[in-house]
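Shared chain: chain A. Partners: chain B in the first complex, chain C in the second.
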Partner chain A sequence: MKIFLASIFILLSISIFAQKTYSTKTGQISFDASATVDIKAVNNQVDSKFIDNTGQMIFSLLIKSFKFANGLMEDHFNENYMESTKFPKADFKGYITNIASVNFSKNGTYSVNAEGTLTIHGVAKKISTPGTITVSNGKVTIKTLFKIKLKDFITGSYIGSQIAEEAAITVNCEYQ
Partner chain B sequence: MKKKILLSLFLIILVTAIGTWYYIFIYSANHHRSAEDEKTIDITASQLVTEYQTNEAASNVKYLNKALKITGEVSEIKKDQEGKTTVTIKSNDAFANVFCTLISSGSSQPVVGSKISLKGFCTGFLSDVVIKDAIVVTE
Partner chain C sequence: MFNHKKNIIFTILIFAITLVQISAKAQNKKGKKESEKNSTKSKQTTTVDTTIKTSGDLFAELDQQNASNKQSETDLTTATFKTTRLINGHSIENVAKGLLDVKISHRFGTLNEGAYAIWGLDAATMRMGVDYGITDRLMVGIGRSEYQKTYDGFFKYRILRQSTGKVNMPVSVSYVASMHWKTIHFDATQNDIVHYTDRLTYAHQLIIARKMSDYFSLQIVPTLVHYNNSAPLNKYSNDYYSVGIGARQRITKRVNLTAEYFPRITKLDGYVNSFSLGLDIETGGHVFQLNFSNSTGINERAVINETKDKWEDGGIHFGFNIARVFTIKKAKKLGW
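What follows is the complex of A and B.
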């Protein structure tokens, strides 16, 4: 009887504390800061993890992994704006605040909200953004689109003229 | 005679101007670095990961944005979200490897477990040392 009760207790605690960490090393984050000319780049080497029951999440990426169609623009971006030798990384650390509304065992697209700290060019800023979590046969995709004011993070004389004041950042990460 | 000299002078200036303009605005814009054309720093995956784990800042000075030729054993092959092949090269540490994205899905596809040499550009260190625009070296 004691063993029976103990095993029930253990089983219950497993189901309560069972959590899964989803991860990817090939997440996709792109940005668009086009004003008079197209300024767009994609990074397909984003390292990201999140935990399904707490909603804790992290995205980290390397600035030099952003690819532009225009090689000259890529050099300017790295050298003059992001100073990617001095600040090689950018990251977001935070939480999905309403993770309980996502049922990871049921296919569907769930609206979520993320809050946390975004660090770019050595400058940390609190942000909050709506997004979606799509569950499809155990595969999870997180998507969001948000805007940042470039002058909050970097300086440069072209911001506001050739470069837009705000950059639209698109996150599209498929997890295993 | 004077006219001819002036004319050829004018032509030379024109050609130089067009050349400079072409180099700055067209060639540089469309030209991307290729690890194929550059002198590489040759290193094993284990050595590269160990150096990054020991001192990331110093390793960035040595390797960031440089063309590297990395040798090691392939532990994983996958596709990224754009369909490009990614190759993970094993190091001595099971939790940190060298993660490479190939520039295109060329003819020589790497095989898990085989020894490989890749040329590519180092973009830094996350949980792995990350390499972009990699090319498989066939010897």
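What follows is the complex of A and C.
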């Protein structure tokens, strides 16, 4: 009996210390680059994963899956700015730097920091952003809002002042 | 099929289009080189990243996925043409679901009217119409042209969509059915027919299109135009066949050169083939189309079968189409 209890204890402790990969294929990333007109789009098919003990995380999405309210704007976005046939994907590779402060077995909202490389339109750029991890009965949600300078990723002409210089990017991903 | 003068005009046009294509290709190459530079940059930064942190298995997974994913997803080709009309005729494009597209088209008089009539700008005919996307595959539209006081209605259905990746489809195919009702007053001298059904015509078109590259798209449009009663024009047949050809060549990111030609296989006497050249200019919310054509009317019957003016005589009409898109029904999944 003692051996039985001990082995259960050992098994439990292994499972506690083993690393877990959280993943989703239906994460949501939206952006807002509105200046004088509404330029907003949302992508509901974001592929994302992270590992709970190392804090390593990835985000990947198809540019064409960004949906606009205005179809013509969507065409412009794909053809003229993002050149989505040439650069079909955007991704992020990075780490949650303070992952140790998150207790995945306790419900709550934890402030975290992420650092890594964001690649859009074939251009890689290092970014760092604060965000939150919410743990709720085993479900983990990562939220963040950060801004990028469009000029860093896309060169070329803009339509006057209709597009903002910076795009606000909102990430909202629920992991399993 | 063509006389000598026509041949010369077409050779010049084809030559001009090829020149533009060559220059566009050169531009394309430049862009590629720049993108290659960028991608080497990105490689450098990621290697720096992985050396800082040790375990890189998610990154490797993503790289692998990126390399193999191309086959596991279907990439639908979009924006083969800029709008739902090429110049006078339909293009392969549909308006998206829930969008209302208000179109106003003008065709002026002919250039050979000279300075007195300011090269045709004194006279103008127009068509006002609305198109609506019921689904992403089905659109409907109605319109009214001043030319012969014609009402028209149509529906267009996407049968196939060009795509790469998991589903590899070389062409897009759509079917357009339209109906035109000429309501201009009965004119006794023309021996016209009184009953309204006798003044209805129908067009059935199959549009087969391919986006060859980001810069060049081509479509072929087999067409049947049916006249309920063609007696005043031709005593023998009600059905007339033609095969339209249309193309778009992107010149800059916002300007496209378009061309449209409708050679007729069976013909009504006294009319010529319609040929049009146009420029599609994109602005923020809409596409502005300028064009030169020997057709005055803006429906399939008037353009394909009843074009009277000749390019070689200067019978060229300047015209433009403007369109404004309104969102009637918002897509459900947009989460803001």
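As a convention for this text, the second predicted complex is superposed on the first by the 157 of 176 C-alpha atoms of A that agree within 3 Å, B and C clash if a C-alpha of one lies under 4 Å from a C-alpha of the other, contacts with A are read in each partner's own complex, and residues count from 1 in each chain.
Assume a residue touches a chain if its C-beta (ideal position, glycine included) is under 8 Å from a C-beta of that chain, and two chains touch if they have at least 3 such contacts.
Predicted, not measured: the structure shown is a model, and the values here were computed from it.
In this overlay on chain A, chain B clashes with chain C. Of the two partner chains, neither chain B nor chain C is touched by A:Phe77.
In the superposition on chain A, the chain among chain B and chain C reaching more residues of chain A is C. In the superposed model, A:Thr85 makes contact with both chain B and chain C. Once the two complexes are overlaid on the shared chain, A:Tyr95 sits against chain C while remaining clear of chain B.
After overlaying the two complexes on the shared chain, residue contacts for A:Leu62 are found with chain B and with chain C alike.
In the superposition on chain A, A:Gln162 makes contact with chain C only, while chain B stays out of contact range.
Shared-chain residue A:Glu174: touches chain B; no touch with chain C.
When the two structures are aligned on the shared chain, A:Thr54 is found in touch with chain C, with no touch to chain B.
Once chain A of one complex is fitted onto chain A of the other, the partner contacts of A:Asn44 extend to both chain B and chain C. Applying the stated contact rule after C-alpha superposition, one finds that A:Lys25 touches chain B and leaves chain C untouched. Across the two superposed structures, the residue set of chain A contacted by chain B and also by chain C is 28, 42, 44, 47, 60, 62, 64, 67, 70-73, 75, 78, 85, 88-89.
On the chain A side of its complex with chain B, the touching residues are 25-28, 42, 44-45, 47, 60-65, 67, 70-75, 78, 85, 88-89, 172, 174. Chain C makes touch with chain A in their complex at residues 31, 35, 38-39, 41-42, 45-46, 49, 53, 55-59, 61-62, 65-66, 69, 73, 75-76, 78-79, 95-96, 99, 214, 253-254, 282-287, 325, 327, 330-331, 333-336. Only residues 24-25, 28-33, 60, 64-65, 78-82, 84, 86, 99, 101, 121, 123-128, 130, 132 of chain B touch chain A when the two sit together in their complex.
Those residues of chain A whose C-beta lies close enough to touch chain C in the complex are 21, 28, 30, 37, 40, 42, 44, 47, 49-51, 54, 56-58, 60, 62, 64, 67, 69-73, 75-76, 78-80, 83, 85-89, 91, 93-95, 116-117, 119, 121-124, 126, 156-157, 159, 162.
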